[in-house]
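Chains here go by letter, A, B, C and D, matching the order in which they are written, and residues are numbered from 1 within each.
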Amino acid sequence: MNEHRLLIQTNDTQGLVYNISKILFEQNLNIESNSEYVDNETNEFFMRSVITGEFAQKDLLRKLKDILPVNAIIQLTKKAKKDIIILATKEMYCLGDLLIKHEAGDLDANITAVISNRDSLKNLVEKFNIPFEYVTHEELSREEHEDLLIKAIKKYDYELIVLAKYMRILTPNFVKTFPKQVLNIHHSFLPAFIGANPYKQAHSRGVKIIGATSHWVTNVLDEGPIIAQDITRVDHTYSWEDMRDAGRNVEKVVLSNALDLVLKDKVFVYGNKTVIL
Amino acid sequence: MNEHRLLIQTNDTQGLVYNISKILFEQNLNIESNSEYVDNETNEFFMRSVITGEFAQKDLLRKLKDILPVNAIIQLTKKAKKDIIILATKEMYCLGDLLIKHEAGDLDANITAVISNRDSLKNLVEKFNIPFEYVTHEELSREEHEDLLIKAIKKYDYELIVLAKYMRILTPNFVKTFPKQVLNIHHSFLPAFIGANPYKQAHSRGVKIIGATSHWVTNVLDEGPIIAQDITRVDHTYSWEDMRDAGRNVEKVVLSNALDLVLKDKVFVYGNKTVIL
Amino acid sequence: MNEHRLLIQTNDTQGLVYNISKILFEQNLNIESNSEYVDNETNEFFMRSVITGEFAQKDLLRKLKDILPVNAIIQLTKKAKKDIIILATKEMYCLGDLLIKHEAGDLDANITAVISNRDSLKNLVEKFNIPFEYVTHEELSREEHEDLLIKAIKKYDYELIVLAKYMRILTPNFVKTFPKQVLNIHHSFLPAFIGANPYKQAHSRGVKIIGATSHWVTNVLDEGPIIAQDITRVDHTYSWEDMRDAGRNVEKVVLSNALDLVLKDKVFVYGNKTVIL
Amino acid sequence: MNEHRLLIQTNDTQGLVYNISKILFEQNLNIESNSEYVDNETNEFFMRSVITGEFAQKDLLRKLKDILPVNAIIQLTKKAKKDIIILATKEMYCLGDLLIKHEAGDLDANITAVISNRDSLKNLVEKFNIPFEYVTHEELSREEHEDLLIKAIKKYDYELIVLAKYMRILTPNFVKTFPKQVLNIHHSFLPAFIGANPYKQAHSRGVKIIGATSHWVTNVLDEGPIIAQDITRVDHTYSWEDMRDAGRNVEKVVLSNALDLVLKDKVFVYGNKTVIL
């Protein structure tokens, strides 16, 4: 089935839905599903349509451009598995969760490589016949290490880079190199407990709930647009290690859910927020 | 602001969104928000638009009917507080929650009356200057009692009847008299624990989570279309009374949330399910 | 039934449970329930026992003191409704929730007065025949206002002061005047969104979950020991006002749950945390 | 560290805690943590203590037996990884989750074998160097198949059998062969949707929440004592396959959490319920 996802983001104007739906109608497309949202504060319009049928992509895009404002964002993606590269450091639970989903055929993605600044995950990754690249950061400046990291990434196909407990801070240069392509899981309910050791922070604060947040990576640490969050309950009997262990289940599920939304082209970025249709 | 809600439910056909949006565009309406959903199994189309602007209601409805299938359901409602009647028996927590919201101006509804088969809630209701009707069921057959109940209801304005812990089973005659107008809160996570004493059932089964369900009332007990559900955690230390007490917070929030969705004209009924846009 | 709650907090030592249980046994008490917790990091021991039977309170306390370290905290409380004073400003939902519970007999407390820095809640409170004190802050310094507030509080019996959306910051003098007696509800999932307008902050940050936190009031704003937290899900369609409205249900339930724990003498304070047995 | 877990379940009597703690004290044991619970309806007493120190096991058990009723259940377990056998059919997500935890060293267990009635999981299991036994049910009666299954199980060490999406109903003979040793994950929020295809049932009923339940296996299908439950939210846009996919994350987390409780000797079975200390 020739299924495409059409995403449009633009200023709202009267007749916008009519004008867009007119073009889709005239192209003789089937609309399998259609979601729209207008942010009433900023008057920004978001639309995601799943369309099937035979059509000329260029023709459709040209016609849409003709009726939409110049700065409208139009994205037309064929439904297909996306290539992703996973970056990890040493913890297995997020990476392992994605590897199992990949092996089971439950991930709408091809994991083309796993890259780590340590070598301890090599054995796990290679069980699944996925290339593993070890790019140590030892005795290297942050810039030198990232240069090697970027080179390693570019050896493989990717549409998306997933940080599955990659425990190094990325430089603006890295972020700029892969714009809107880097997805992270942070082990707290952001914006609570930004930075290092969130479980120790949470334990010290005596919270009754801990969480995890998956977000796009931007230049500001732990401040990128949030895609998914979830929580679990804890109490005074939890040491910080218990919180960490309980949190791992949340982290892996949140990362997996956020990745799923991204792979289905459901996530719009707007300012520092996401709109998910 | 002249705000209306337009709800359309019909078989999906190619060009449907185009044809509807064409009419809305030609009426010079502003679409404040627009949600659509197509059930791919049954090909049923649902749309909810919030529209503002000056327009002739009859004209709009006629034009929509012209392009929609004969059996399409079209509903055009002006944004306004709806009149509701609350039925309760003796427990205060759901009724009290609605009375406080009403008093605070946080409920998109006018409570025109509270009717009970007991008189113990009279004192609470009259504090808020809301008419209270006591319709005892004692020494009456179910049919006799319901006749009196229906008469009491019809003394007041209503678009909706809310069962806020009304602990009597309603007959098919009652359901038929107020079609798609009776909203109930059931004190379990349906379909678990249908019928009487769900907290005792839950306690006896040793569940670790209890819940509440708000649903439309139909002729089959506890089987009507579900609008909202929520849960809370319990453990072995909870007696059934503790479960009941913990559940009350869930019940009142679920009923309040479901009522809010109904008052905002967000709930479509489709078969034995709801679509909420 | 002569039911008491015995709470002990002290350094753990070998034989502690044995020595305490020996005394309870020799007093011929029935232990209805017993919970213990040792913080393994700090070696602090917490115990809460519900005991029934005829016994001499002074004798029991003296014997416990004899075997416990000098700085042990021993609390013996007869099960009874506690007197509480509620402070509020203008929002009804938390106050109303407590008033309804009080009216229904579902609160283990007597609300002896409601005090507000505005007069708009007077009408609601007096429906329930509870004294309402209006202590305006207008044209007064913070200190002058608090002096009047403290005087108003002291006119009534109280064991606990509940801030049910009291929107003024309290001074160290106030906190010192009512040590470990002031319970607050904060409208965010602390420590996220400390300070003013947490729902606006949450909306601006684009979070997918909002929450509420009930905590003891200390001199550091929003930093006191957390008693209870809960959350609800939101998405991009929520304006900050929608978040506020959704959050209100969470706030009132969290405050009610925290108050319930305090009224049942289940909450120990230890450093900046709580232990709940 | 010589850490043991002592579990006692018996009728409550006055002085019970005193008598037990006296013995523990006289054995010069350190009590690392201690939890007690009395079911006030049935007067049943439950205690779990984590103890360290040098002591004679037999001596301790004898002394406890001397002071406890004849039918008291006393269990003394050295803290150690337990041997477990996993039964699965064809779905990877629960099995894979346990394999990754095992590989990461995050599971307090040794997986000694995985046994399946299909051979499709062989490849995954053998990546982790764990024995895989294929015991087909084809062309066999239920009894014949179970005989082979039991033989396969008995080839390996086990203290616990985990059904990680094992999709065959077990006979009373199997249950009797491994009493209180078989842990299952059911893909619904029991007791809702007992039996086959719970996600199809949930979809058909139009629920707004789906869940998963981990329980001990007894002779009555899906009726054994519940250890852990959790839920996730769904809405009208979910097909039953979407519900299944969303549910898988819940199932694997619930099974993992329940297994963790069992491996830590925290789960008492009492009638058809569990007490978790």
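Here is the rule we use: a residue touches a chain if its C-beta (ideal position, glycine included) is under 8 Å from a C-beta of that chain, and two chains touch if they have at least 3 such contacts.
If you're wondering where the values come from, they're calculated on a predicted model, not measured in any experiment.
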Between A-C and B-C, the pair with more C-beta contacts: A-C
Mean-CA-position distance for chain C and chain A (Å): 41
Whole-Å separation of chain centres (CA-atom averages), chain B against chain C: 35
Multi-partner residues of chain A (at least 2 other chains): 37, 40
Graph class of chain-chain contacts, one of line, ring, star, complete, other: complete
Touching residues on chain D, where the partner in the complex is chain C: 14-15, 17-18, 21-22, 24-25, 28, 30-38, 40, 233
Chain C residues within the chain A interface of the complex: 37, 39-41, 189-193, 205-209, 211, 225-231, 235-237, 239, 271-276
Residue ranges of chain A touching chain D (in the complex, touch as defined): 91-93, 96-97, 99-101, 103-104, 106, 124, 127-128, 245, 248-249, 253, 256-257
